[in-house]
């Protein structure tokens, strides 16, 4: 355990922050719940909350990912948690994994909004907190209680679960697989 | 990330598993909620749940801690999470730290029961899951979003928060401090 | 207080019974929560639960309303609660008001699903329970803490609230207003 | 349905307003949740909230009941809801029934605090809202989905449920029973 470091949380939206709009019957964003979540769980670590955007990750464009990357690179902190929609979380993780070096970055989201009953949001946030403190530099996703390296994870759209990539007997010498030697 | 290993969760009671008894108006234990918690958060890691006891940690005796120690030593798993009351969690962690070698053991609890509103239980459980997977051998407590080594933590009874021991300029050559060289 | 009578609850769907589907991110029906709700609130009155349909009330057709009417007329009970989507609740109430005589019928719904946080479902259900026991024969809606007679209520789509019809100094001799002489 | 009248809610404490104190592990009062409850359920009826006291009803003394009685008699409203601990709710109802004439007064409480999971508080509050609007003058308790007249109710301490008094073949001509001719 090194000396306690401040953690920066970059908020980008996703199911974790969605709310039910009783007038339209649809899920929407109004404001992030991260601050309430941290109060509820009695988090006492130094945290900087930064709302970068509040987007459904299916609507994230390349420029959104560029903005997230810039925030990661330019902030002073070396430990970063990113809240993110699950649908394209792997894509953002890959982009960060290839470009944001020298920091520990953990992406999380939720399958059920924090504001609803029976959400997985607080558990996933807890997973991210320990992971960002305990893991060495790199880009990770913590979902379903597991820790995934950015280049060895996919979302199974049928089950809604994150899982490791299928094992390949022999790795090709190029492409993504070269990053899997962790 | 090494190959995924099964995590054993030893349930010992504490606030995390307490319920409100509407007939007596008191907090009691009926059964552990850990199984429900893991379902709610969509945990997909292999977990073995073992209910060792359901006790308020103020009522834990030496023989209870001995039993927990035995479970830690004799189980096949090398990654162990222990749910525990917060009042004597540090005491159990110290006993395990001195006696249970060669495994990664993480103790957690909650300040508000899982069954109540606004609980910190799921967050703390998430912290334990990543910690037990990412940390090297040793005994740890994850509370308030922080990771504590067993020999550098106390519960502040006034704030209800876990904190590191006050820093000492020069360490005495004997006693507990010899374990702090982490 | 007359002798306690059995209450029949006709379940027709609506927001009160909707759930969040984490795979599609949409609101859906899987099963009614009324049984769970009655357990939670420790209801000890004799109740018969009948699931007539699980529909968004915007998708209710005339034949659906005919079916609800038949259930009201042919059941043995004289006290009936109907759970219903709010969007066309007034329409169903009007149809029942014109055709189901001799019983006390109370329609309710919710603006936020029971399964979500901060729902109005249990309160509305409570309003219906007392209303159906205390009111004389007729068809009523209990929403927003108010009791409305079926021919003097509308849903304000902008506020999402139920309200009485605007007062008219002189009532026209025909049309709906002839039912308003309550 | 007569013209809508303002409802006065007298808050006296009881389980409905209790909270869990994480530092002591005990149930305590800090502030009433009634205002939050009314917001959550989208109540749109005119309500005056008055916090008379925040007491466990086992600790209520005669002077507390006198104070509640005075509030009932002297307030302008004719429709009054009283939130109250369940243990001595029947006692307060009896005192009010004998002394507060000319108003509709409904007492409610909860077996599980509003602030906890799976509470009956909102349902009971809904029961009170319709009862106070629909019932004629008198003093009532609405618990477990039932409406009880003040002189025909007791709390079954074993089941925690409110129930009517056991039926007596012949009623004595005097005393409380004269009020049972409802």
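Order of writing sets the labels: A, B, C and D. Residues in every chain begin at 1.
FYI, a contact is a pair of C-beta atoms (placed from the backbone, for glycine too) under 8 Å apart; a residue touches a chain by one contact, two chains touch by 3 or more.
None of the values given here were measured: they were computed from a predicted structure.
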Open item on the list: Under the document's definition of touching, what chains do chain A and chain B have as common neighbours?
Closed with: none
TODO: Name whichever of C-D, B-D or A-C reuses the A-B interface, so over half of the contact pairs are the same residue numbers.
DONE: C-D
TODO: Name the chain whose C-alpha centroid is farthest from the C-alpha centroid of chain D.
DONE: A
- [ ] Round to the nearest whole Å and give the separation of the Cα centres of chain A and chain C.
- [x] 42
TODO: Compute the distance, rounded to whole Å, between the mean C-alpha positions of chain A and chain D.
DONE: 48
Task: Sites on chain A at which at least two other chains make contact - done: 111, 118, 160
Open item on the list: Per the touch rule above, enumerate the chain pairs that touch, sorted by label.
Closed with: A-B, A-C, B-D, C-D
- [ ] Mind listing the chain D positions that touch chain B in their complex?
- [x] 15, 20, 22-23, 25, 27, 111-113, 115-118, 157-158, 160
- [ ] Could you pull out which chain B residues touch chain A in their complex?
- [x] 1, 4, 37-38, 40-45, 47, 111, 118-120, 122-131, 133-135, 142, 144-149, 152, 160-161, 163, 182
